[in-house]
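What follows are several structures.
You will see subunit A twice below: alongside subunit B first, and alongside subunit C after that.
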Partner chain A sequence: MKDWRYWLAEQRGTLLALGIFIVMFIIYTSNHPAGFTANVVQTAANKGVLLAFVAMAQTLVVITAGIDLSVGMIFLLTNCLASWLVVGTPMQTTLGVIAVLAVGLLCGAINGAIVIYGRLQPIVATIATGAVYYGIGLLLRPFPGGSVNEDLADAMTGRVFDVVPASLVVLFGIVLVIWVPFSRSVLGRAAYAAGSSETAAYMSGVPIRRGKFAAYTLAGLLAAIGGLFLTFFTYTGDAAYASGNAYTLFSIAAVVLGGVSLFGGKGSAIGAIFGALAFRTIGDLLFVFDFDPLWQPLFQGVILLIAVSLGAFALFRVRNRLEWFL
Partner chain B sequence: MDSAVPLFRMEGISKRYGGVRALEKAELVVTSGSIHAILGENGAGKSTLIKVMAGVVAPDEGRMTLDGREVTFPSPAAANQAGIVCIFQELSLVPDLSVADNIVISDPPKRFGMIDRGAQRRIAEEALARAGAADIHPLALVKDLPLSRRQMVEIAKALARKPRILILDEATSALTAADVSKIFAVLKRLRGEGLALLYISHRMNEIAELADQCTVFRNGRNVASYKAGSKSDNEVVELMIGREYSHIFPPKPAAVPGAAAPRLEARKLSWTDRLHDISLTVRAGEVVGLGGLDGQGQRELLLAFFGVLRGLSGEVLIDGKPVAISSPSAAREDGIGMALIPEDRKTEGLMLPMTVRENLSFAALDRLSKGGIIDRAAEQRLIDDMVALLAIKTAGLDIPVGALSGGNQQKVVIAKWLMRQPRIILLNDPTRGIDVGTKQELYQLMRKLADAGAAILFYSTDYDELIGCCDRVLVLYDGAVKRELVGAEITERALIASALNIHGEESPVGLGATA
Partner chain C sequence: MSETTLGGIAGRMPKFIRRADPAVLTAFACIVLLLFLGSLYSRSFLSPEYLLQQLKVASFLGVIATGMMLVILLGQIDLSVPWSVAAGAMMACAAAAYGPVGVVLAIPFGIFCGVLIGIVNGIGVAYLRIPSMIITLATNAVAQGLMVVYTGGFSPQDSATGAMRYLATGFAIPGVPNAVIIWALIGAAMVFVLTRAGFGRTVYGIGNRERAAYLSGVDTRRVVMIAFAVSGGLSAFGGVLLAGYASKAAQSMGDAYLLPSIAAVVLGGTSILGGRGSYLGTVAGVILITLLQSILSVMQMPEAGRQIIYGVVIVAMLLLYGRAPASR
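Up next is the complex of A and B:
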């Protein structure tokens, strides 16, 4: 078999997500009253990247066969923090951004330490830490408010050369700076190996713990980048519990849509980004069709079910029924 | 042996798992430039010995020296570092990664802190070529390869680590004859390069062809070391057995009810490459054993009867009538009345955190309920009967079954199925890891059930059990019935000889009884 076929097989999930996104986006823009204009794309991109960052964060953890239910709360906490710190002179703003990102890293590192060294189950550990992170966010912003350096915010949510949404450029940069090195590093491979078969990885002398720790920590960082962007879009900090939960759950949906296996070891953050963008587009479809917004959750759920079942066909080929449960 | 310091030496190594002694003051000397075969029955301690060498298991006592210096291996990585590389029986490949990823996994080539994919590809191709498996594409995912190819990848992976001591634990068990001859050429070349190779295999002909030195293990000790070719197959088998029988088995009925019609019958049962044309019969009142080395298709055969496998060919007959059993719940229906006591009680037999009561009733809930409501009184009566029949020792019915001892857990699994009064009972190595007292009770129970009219098909890795419990034994090798032993023919010698597929003093009888 030729090399490109293997590449294609490996990227199947990502390409499928890309395909779903493109189809959805075409349906969306062609029915949008304004059509395919820079403005429409910019608005869609700005909404999409928020979920894309959180979904990237979720991907890193899901690859290790874990799950991070605190990503949405790290997203909120860093939003609240940014509404205090990312203000003032360019110098102060820069320090504020660094501080917000550092807090994200710390939150991820705490998750990783509890799951890996404390040996707690990821689902329980991150529900607990998520509640803590939300609690801190609530203390920082009991009521919506605060502000942000508007020059920076406008630059980040505007357009580059009046065409390309700046948020997409940043997303692309983050993929290059975080995801690509991670996925090609020894730690990244350790994360994949641990998710695919922890015993085999252990037997092969793979640094499982460091790989998983790196995944959780970087997940915190990515969620914080999402939190920063939320601040740039809204100019405020808001510890909105329902919104944090929704981001957590949507990130899982986006990850699955993006071809990342919840059993671990398989998938890419790039797939998850397309999954997130597709998911957002699905959510917006009803608005352009002028349906009652009441139908949105139901509609979104049905589309999601259909998309996810595309990935389940392999189960029909199983010869030993016990493998269904592996 | 030369006067020079041996490459590697193990002295007085012991290891216990709970109450079970896996190794008892074992000794081993490994020299460079030789192939050293390790022989022994299932459970003789070979695997534990290897695991100690490879840093997977820490010994309770004893010392190891490498080049005359004392060493300890806290992890597999440490053993690799020292040049000891092991190809395990259970594959150590990561299924979702590519062949090349797997080959370099313990020490990938790096450039600018990232994995250098070009270099990785070259290393992988070179290692595959050295292993004689250049036909495997380095970008293929391991999970998409058939078992025999995976085994070749495993060997290539070991070679890429530039080992000084290479351990092969049943490394050829999944290989085709063509691959085996390639591997043998590779192993001989490595010996010429000065490597020390430890070779564990049940295939006597392979050992005869490859080994320079042999060591036999029995009950966790090394009982004999000799130059390859200096002992006959029979002498070797003698060394491997050397055990007394314990008189813990119930008497067998004098005459096998040969005239009775078969309760369970298989005709030319095949499934993928794991089962080949298996035909057998089990009559009511009969205990039929499945023997052979571990992993020769016994487990798959039981799963096939129980409706777990898809794509079976051949026929299954119950009371002479062909049936299609499509799932475990169909297998337990009244017309069939089958029960399977699984091998791994922790995952396939019990819900460990749930109570003894709940676990006991699962399989029989439909019989104990009317319109979906469980008849608590009937349930209680049946459970009391079972607890008394099997003498299950538990502090109460409402404690988690995970709190019981291994033996009592296994009794719960069996009791759960007996609550349905099965007519056909399949047992998959049911006494693994349980104490002798409970084993004895299970043997008695098995005979009691057979006397009461059940047909029993019993797979065990313990030859004593097969000898002590069974009216007939079918020995499987490579997914096919190689030999049928009846009554007094069931001896340890015959079992081992046919399990190793060597022809002992008796010539093999034809395939299993066909209708």
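Up next is the complex of A and C:
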């Protein structure tokens, strides 16, 4: 009985993010000069999907009560790498894609190894590894440039059956292939348990280390998929420090909007995807209302500030003042 | 190498050594090692002029790291450093455009803007209980947005005032750059606050366990807020000095100070979890980072290589002595 109520309670954050996204997207398209057409949706999807992948990556780590401040830099590094490798014949392109994804996995695994087996704080460790990844990206692409297999790029950023944006289809596929199996596996449960209460999980014999390691590694992979897509959209590799930082920052905003608890153990990557799409739509609202683009960084910053301040409402549920200090 | 160095110092100053943190000693040993390596590369590395120049460059990072240390001692972190630095510098330069009054108020106004950013951080962390890492990232984004709107997307044309240039590059005492004196004054004040004043003791207490500090009757939230305000103010002051050094403010001038300021504090043996650490360690960390940067630039290492070495060195040193206890 009442199974649906448990489901509703569990998915509240995700559904809220979906709601915000739908409302924002309706406001966006109804004020867009071109209206709700396949082209508008395609452009919006392509921009949103980039952030959605990075936000998924951030979600996996945040669920374990950690944080990955290097996702933006992995995203940049794989973008630079893809601009070298994802070219040539279909065979070469395939190998290139595999190599780029492998590098993403490796970056994530290094983060995981340092945080879990090296027992360093995720904040400092990932800021430092982020500097390394950025440095490697800059070595690969001191100046913006490079190229990509344009057939593949156009296929990935185009439309399926002339209606559905291909990037959304890929995003859906990635969710089915990576997120769904992970969140239902023992490792995924372990990642949630570690985020919820590491000591209790440890005492219960949950494989928390393996779970957390899997989360960090898959985060690297997802960031690399994001990096690949960035290359598909821009046709170039560019190690822009500000852009890497911005994606890290926006991924945290998307995760928060998507109902994932920053204290760990709660939320889902699907929520974060809607959070990412909603965040992008809100950011683009300025354009359809003809504001000066100069205001966009401030506007996005304010949205982020409001989004993170929403968490403060939990304070009203506190019964004992000692619960302030966890 | 470090063993023998430690032994030599220990022989002369046993009491000092017994009380010292192994992390601080490691940091100082690394400084000696870097100086040694540098002198192999170039003879002028050990000349007084060069070392004084390094100390002067280090003092900008030192001022910023002082604020960062205060926040890290609480077990929090301040990621709004980049745009606090930039906002301090840009606002000070901007104030100077408003006549003689503006010139006089330029430095206080720059610091005031940093304090404002810090107060927003402090309210978020202390009263709204938002994780510091998140709220400071958000205020950093807002500060960036404000600066972009203010400058219209370009670096401001206003240049630093004479007073700012004097503070950063002048010599009030012959032979000692003013920036170094300022760092020494701020450092001395910080040492006094941390070791002699009640505020400092509560900072350590909150860093260890905020609940316990609260139950002991400390208004922990006020202390946290003040600490963030001080951190913002010091970041902005660092920006003011940097603007004086470069004689103008630039938008991305703070980006290069986030990682170094955290690294300097953490490499100096301050626990990232809070409640443990000494200012001497931070001084060692700042000098260590500055020397590392200097050697890399003397070797004409490109930016990419510098970032990589930076990250690797920080992770390696943290793995040496910054590890959390194993869960059991």
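Remarks
One rule holds for everything that comes next: the second predicted complex is superposed on the first by the 312 of 326 C-alpha atoms of A that agree within 3 Å, B and C clash if a C-alpha of one lies under 4 Å from a C-alpha of the other, contacts with A are read in each partner's own complex, and residues count from 1 in each chain.
Everything that follows uses one rule, which is that a residue touches a chain if its C-beta (ideal position, glycine included) is under 8 Å from a C-beta of that chain, and two chains touch if they have at least 3 such contacts.
Keep in mind that this is a model prediction, so the values were computed, not measured.
Looking at the shared chain after the overlay, A:Gly265 reaches subunit B, while subunit C stays out of its contact range.
Shared-chain residue A:Asn320: touches subunit B; no touch with subunit C. For subunit A, the partner that touches more of its residues is C, with subunit B and subunit C as the two candidates. By the touch criterion stated above, A:Ser185 is placed in contact with subunit B alone, subunit C being left untouched.
Legend: residue contacts after superposition of the two complexes on their common chain; A:Gly118 is shown touching subunit C, with no touch to subunit B. Of the two partner chains, neither subunit B nor subunit C is touched by A:Val163.
Within the superposed three-chain model, A:Tyr202 lies in touch with subunit B and with subunit C [touch as defined at top].
Shared interface residues of subunit A (contacting subunit B in one complex, subunit C in the other): 199, 202, 321-322.
Against subunit A, in their complex, subunit B makes its touches with residues 56, 75-77, 80, 88, 90-98, 101-102, 105-106, 108, 110, 113-115, 117, 137, 139-141, 157, 271-272, 300, 303, 307-311, 327, 348.
Interface of subunit A with subunit B (complex): residues 1, 3, 6-7, 9-10, 181, 184-186, 189, 192-193, 195-197, 199-206, 261, 265-266, 318-322.
In the complex of the two chains, the subunit C residues touching subunit A come out as 77, 124, 128-131, 133-135, 137-146, 148-149, 152-153, 210-211, 214-215, 220, 252, 255, 258-259, 262-263, 266, 272-273, 302-312, 314-315, 318-319, 322-327.
Interface of subunit A with subunit C (complex): residues 67, 114, 118-121, 123-125, 127-132, 134-139, 142, 198-199, 202, 241-242, 245, 249, 252-253, 256, 262-263, 294-302, 304-305, 307-309, 311-312, 314-315, 321-322, 324-325.
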